[in-house]
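Each of the next two complexes has subunit A plus one more chain, namely subunit B in the first and subunit C in the second.
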Partner chain A sequence: MFRLEARTSTPAWFNLALPLVAIATTLILCSGLIAVTGAGVIEAYGVMLSASLGDSYAITETLVRAAPMIFTGLAVAIAFRAKFWNIGAEGQLLAGAVASCFVGAIPMPGYLAMLLMALAGAAAGALVALVPATLRVKFKVDDVVSSLLLNSVIYYALMALIEGPWKDTFSGYPISPPIEDSANFPVLIEGTRLHLGVVVALIAAPLCWFLIARTTLGFRIRVTGENPEAARYGGINVQRVLLSTALLSGALAGLAGVGEVGGVHFQVMSDISPGYGYSGIVVAMLARLNPLGVMPAAIFLAAVMTGAEAMSRATGVPAFLSDVIQGTALLAMLVALLFTAYRIRRVGASS
Partner chain B sequence: MSAVFEQIFQVGFLAAIIRIATPLAFATLGEMFSERAGVLNLGIEGIMLLSAMAGFTAASLSGSLWLGVLVAVLTGALMGALHALFTVALGLSQHVCGIGVTLFSSGLAYFLYRLIFGQQSVPPSITGFKPVPIPLLADIPVLGPAVFNQFTLVYLAIIAVPLAAFVLYRTPWGLSVRMVGENPRAVDSAGVSVIATRFQAVILGGALMGLAGAFLTMAQFNAFTFGVVSGRGWVAIALVVFGRWDPWRSAGAALLFAFVDALQLRMQASGLGHVPYEAFLMLPFIFTIVAMAVMSRNAVAPSALLKPFRREER
Partner chain C sequence: MAGRPERGVQRSPPWLAGSQIQGAPLSAPLIEMRGITKSFGAVKANEAVDLSVAPGEILGLLGENGAGKTTLMNVLFGAYAPDAGEILVEGRAVAIHNSADALAAGIGMVHQHFHLAPRLTVLENLLIGIPGKSGRIDRAGGLARLKEIGRQHGLNLDPNLPVSALSVGEQQRLEIIKALFRGAKLLILDEPTAVLAPSEVDGLFAALRSMAAQGLGIIFISHKLNEVRALTHRCVVLRHGKIAGRVDHPASTTSAEMAKLMCGHEIVPPVKQASTPGASVLTLDGISTASHAGTPLREISLFVRAGEILGIAGVSGNGQRALADVISGMLAPKAGAMTIAGKAVAQFSPRELQALGLGRIPEDRMTTGLVTNLPLADSMVLPRIGTEAFSRRGLLNPTAIRAFAEAQIKAYDIRCPGPMVRAGALSGGNLQKALLARELAFDPKVLIVSQPTRGLDIGAARFIHEKFLAMRVKGCGIIVIGEDLEELLMLSDRIAVMYEGRIAGTLPSAHATVARLGLMMTGAEGHA
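On to the complex of A and B.
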């Protein structure tokens, strides 16, 4: 007989082992889908790996795609640490993209433009995230639903802008005017798309780790999430912590949008984010809400996305496999997390 | 002559409202059953998409629309069961699982559709359901042709609302559903299985979401496209809140949304609108967020919503 038993503590190696188990499970489950198409499983995954991490150009492409997911992953991880259920990273990203594109279109010296784009994008994302947080703090409105619904509001607002007053007059498509050339984020390695924003994302992760693990605000965020009663008893203004968390989380998600505008698309279109906000939830969960873990988790998802396109060309397996992998990885990780709360014990027939 | 034109205009407009409201009504009732049992199902967007795809594929391969509907309903129920497995049986967090189910189901829908139909410049279509006029009732001026000359699935939606209200408020099972959503401990000690009741409600909810998907690909658009659901699942989440977790109010909310949507489409088509149509599409979401703030004083949401039930934790 086996039974589940509550765990009091979890060993540190779980942080690494659980996501790896979840990812391995996901890849095994999804190999069934590859087999259904008639393609070779090893071959398909092989192409996926080599096309995403096989050479230096592929690695830069994967990093470019990882950058927005590092930001949204950090946004979700920090929010979830405080148990502020921010499902709205997608909308916050879009708001950040719009605001930074507005600023980037104003003629001014390049580096000043980039700085102001980042500030405007972060502020826009933070403002959007402040809505569900304020509603929760002031009116006890469920943040899960309100932050989710705001995504649709922001999306339609963006569409109204680029199909209406903000539409690029030189384009037949609903697309915003481009930012100034001088505001385009510098490319770090010639011949690739690796832009300055990617480096900022890679630096943001350890900074967020430091903030969560080593600062007073980080401590407050953790205590508020783990035990709001104790936090209150200890003199922490829980409501204020929730609002600060929302500002921080929204700003990070906004920065994801800034990077896409400044470094990849240079303008705003309806599909500027293929769901990076939702992917952020997958990233954060795989990272066990640890900002340092967000980096590898985002790079993993980015590699799957980049690799899936090449795999599709080479083997005919639809590239949408990457979407299935993303969803499966999230569900597998959630199940794996059960092992942090419970352990399976073998018990004798007598007990 | 102009009077005739005006009448056609009104009939067309009314009929459009009914058609837009139908998938929303199914989806909203589905989400409502799930939430009344205490389980938020954010998988709805993906479940609708996968069901829409599965139903379309079955109908297109077999030539039978009703087989397509059956497959869509079963797909929805199956995905509901998956969500219940994670959130009810394993007690995992409902919102994250819901996002997981949506990501997984939409990914699977895209993947399988591309695998079965390949990449075509014009998406394959089927001959969808035809309107079935109801004798006598269809002859009522204006209302008749708009409401009683519709698809069978529309009539099913019209029946589903009172039926859902009856099941929820007048049957022992409905009482169990409401109880497990409000006070699972009490029901548990009364000998009703919280786990089983929640499973049943989430599966029923999934089946209804499947019907919503079926309507989209087999009556409304007669084809599957990647944007066929385009946020209707999220609208349903909003409508459940706006409809205060009640079948009648939720259906009313669906009709109200459909009215605004039909108005928006008409204004867009006539080129009259100075207001961007997106403003109308935004409305249900903004209304719901405001409504949540206003309603929060008198808690109407099922009190055990989002809370997993573990028997050993007392």
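On to the complex of A and C.
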């Protein structure tokens, strides 16, 4: 018989070991699904690995996919640190995409356009995140529910826009008009899609770490998240911290949308995000809410997504496996987190 | 479960089991623990501890914080598996792996933190986990048993009240009833008086004596030596996980002798030096609060002078919490004025009050004072994180934060692995020292503290008292809100008694006695 016993402390190496254990468990569990389709497990994972990280082009593709998830992962990680349960990164991303696309379609010098796109996208995401945060602070509305439901509101508003007044007259498809060519983010390596936004994402992660670990705002976010009453007693304006966190989190998620518009799609369509906002939750949890951990976690999920398509082509295993891996990874991580608080002890054979 | 101990051939429902104790042979102890050893990593929390309780006996379990009392009781109650040693119930070795095994063996425990479902009624809480008749809850049977317990031990509660409507004392009574309801023959109480007002303590003791008289065994864990001397038949003293001594006649043993066993050295009461009070450093003038939480304040006026300790006595729930909240900036009054060192308070925010020179130590150090999941250093700098001392232009100064925490850890002898350890890993005494350090380091002109030594052992309490007295001599005005009258009498220069949100009267300590204060606390005597 086994039982859980409370831990008095958590060793530091757990921060690294837990996500790795969760990922390993996920891959083992999902190999069962691969086997069911009749493909070889080693072969399928092999194709996945080589197609996502096997050569320099594959790596750039993985990084391009990782960029939006780094932003949404940071958005979720920072929000969750303050225990502002922002499940709305998806909607904030879409709002950021729409706003930056509007700005990018206005003719102006390229770098000014890019800067304004980023500002507009961040502001739009921040405004969307402010809604559930304000509802919580003023009316004690559950932020999980309100931020989640707001995703649908934003999504269908976006659909209404591109099906209606904002429909691209040139193509006639339900997509927005493209941004100006001069506003397209510069590609950093010729022949790839590696754009400026990816670099910005890779820089954003350490900046967010610095914010959380080394600034008074970060301190207040951490303390408010862990113990709002002690925070209030200590003179922290808890409501203001929650609202600041929401603005920051929403802005980061909005930037994910900016990168997709400026660097990948150059316009807005209904499937501009294959759920990057939700993947951000998985990323943040795998990273244990540490902004530095967000980078490898996002790259892992991006590699799974990129690799899954190649695997599907090569072995016939449906690409949906990447969604299963994501979901399983989140569950595995949540279970793994149990071991930060408890240890398993073997108890004498009593039953 | 195969390892579960036999309970004889009882076929009656579990709540009828409690009345079987008379049958226990007097020769066999009710419970015997032999050679219990339990380690956590390198720390031996218990080492070869022997302990036994006879039917009808009240055993005191004494020891400083961290001496291993709670671990030992958790082993007995099945929360921890001992590394070595055995447990005998009525002479038979039993294996206790969880609380269900412990309950089946007739061991009931009342923890410091209650385990009740607040939205359920008293009766429903009692019936949790009790198998009903063919899938239905046996309310009638439960009600009958509850009445019987009430009659036997004078423990009465309205079965239909939700637990959230009960006072702390009543919730504790419910926990005791719950243990008896499940047929406990041995009742473990972990610092039961820490949460009670003096008047409630008397009621608890009467009930415990009645239970013992009817053959139950009781293990009473406490720091308060006068209580242990008044209640227990025999005491076991733990120190560093081992038995440091046994006291066979607690009533005729002095507190000093017991304290010496607990600490390993003599405890000398602190000396209160003469101090001439200066100008008033804190005044409240007609402060009233809205009635949103607990008892509101009604036109409270009081003052504290530099170099003076003002004690606030009262039965818990008479507005002490609101008073502490107003003075510490957690609650803005709806009427009245407050000044600190001559300056009027405008916003009643923690930051404003701190800037005016107020030091604050909250009643509940774990929930209000500290952030248990973050490093100790973070909690120690929390109230002043935005000041020059710890940050500049929004950027933290980690070196300064660490240096401050390290210096205070040293100065206050806070026992911990270092400033980066999780605050929650520290014992209550060390946490209180940390909270004291974070305020006193900034030389407050006024200090407000609530229940400063609740749950602390003698050594830690003594340390806290000395610090207060030293601050007083340095010219700090201190308000101590407390329920321990002896502590208030020892520390204070004047004592104000609160009753129903008002100050019922203020006495110089020289004229105050426990009896007189007790009378004022019931609202019987006003004395301005």
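Simple rule for what comes next: the second predicted complex is superposed on the first by the 343 of 351 C-alpha atoms of A that agree within 3 Å, B and C clash if a C-alpha of one lies under 4 Å from a C-alpha of the other, contacts with A are read in each partner's own complex, and residues count from 1 in each chain.
We adopt the following convention: a residue touches a chain if its C-beta (ideal position, glycine included) is under 8 Å from a C-beta of that chain, and two chains touch if they have at least 3 such contacts.
Note that this is a predicted model, so its numbers are computed, not measured.
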Subunit C versus subunit B on the shared subunit A, clash or fit after superposition: clash
Dominant contact partner of subunit A by residue count, subunit C or subunit B: B
Touching partner for A:Ala35 - first (subunit B), second (subunit C), both, neither: neither
Which superposed partner A:Phe139 touches (first subunit B, second subunit C, both, neither): first
Which of subunit B and subunit C A:Ile87 touches, first, second, both or neither: first
Subunit B versus subunit C as contact partner of A:Ala230, first or second or both or neither: second
Partner chain in contact with A:Leu334 - subunit B first, subunit C second, else both or neither: first
Subunit B versus subunit C as contact partner of A:Glu5, first or second or both or neither: second
Partner chain in contact with A:Leu217 - subunit B first, subunit C second, else both or neither: second
Contacts of A:Tyr156 with subunit B and subunit C, given as first, second, both or neither: first
Clash with subunit C (superposed arrangement) - responsible stretch of subunit B out of 151-159, 169-177, 187-195 or 277-285: 187-195
Footprint overlap on subunit A, where subunit B in one structure and subunit C in the other make contact: none
Residue ranges of subunit A in contact with subunit C within the complex: 1, 3, 5, 8-9, 213-220, 222-223, 226-227, 229-236, 345, 347-348, 350-351
Interfacial residue positions of subunit A with respect to subunit B in the complex: 33, 36-37, 85, 87, 131, 135, 138-142, 144-146, 148-153, 155-157, 159-160, 163-164, 275, 278, 281-282, 285, 318, 320-328, 330-331, 334-335, 337-338
Complex contact set, residues of subunit C against subunit A: 1-3, 40, 80-81, 95, 97-98, 328-330, 349-351, 354, 360, 362, 367-374, 378-379, 382-383, 385-386, 391, 394-396, 398, 421-422, 425
Subunit B residues touching subunit A - in the complex, by the definition given at the top: 40, 42, 46, 86, 90, 92-93, 95-97, 99-108, 110-111, 114-115, 231, 234-235, 237-238, 241, 276, 278-279, 281-282, 285-286, 288-289, 292-293, 296, 301, 306
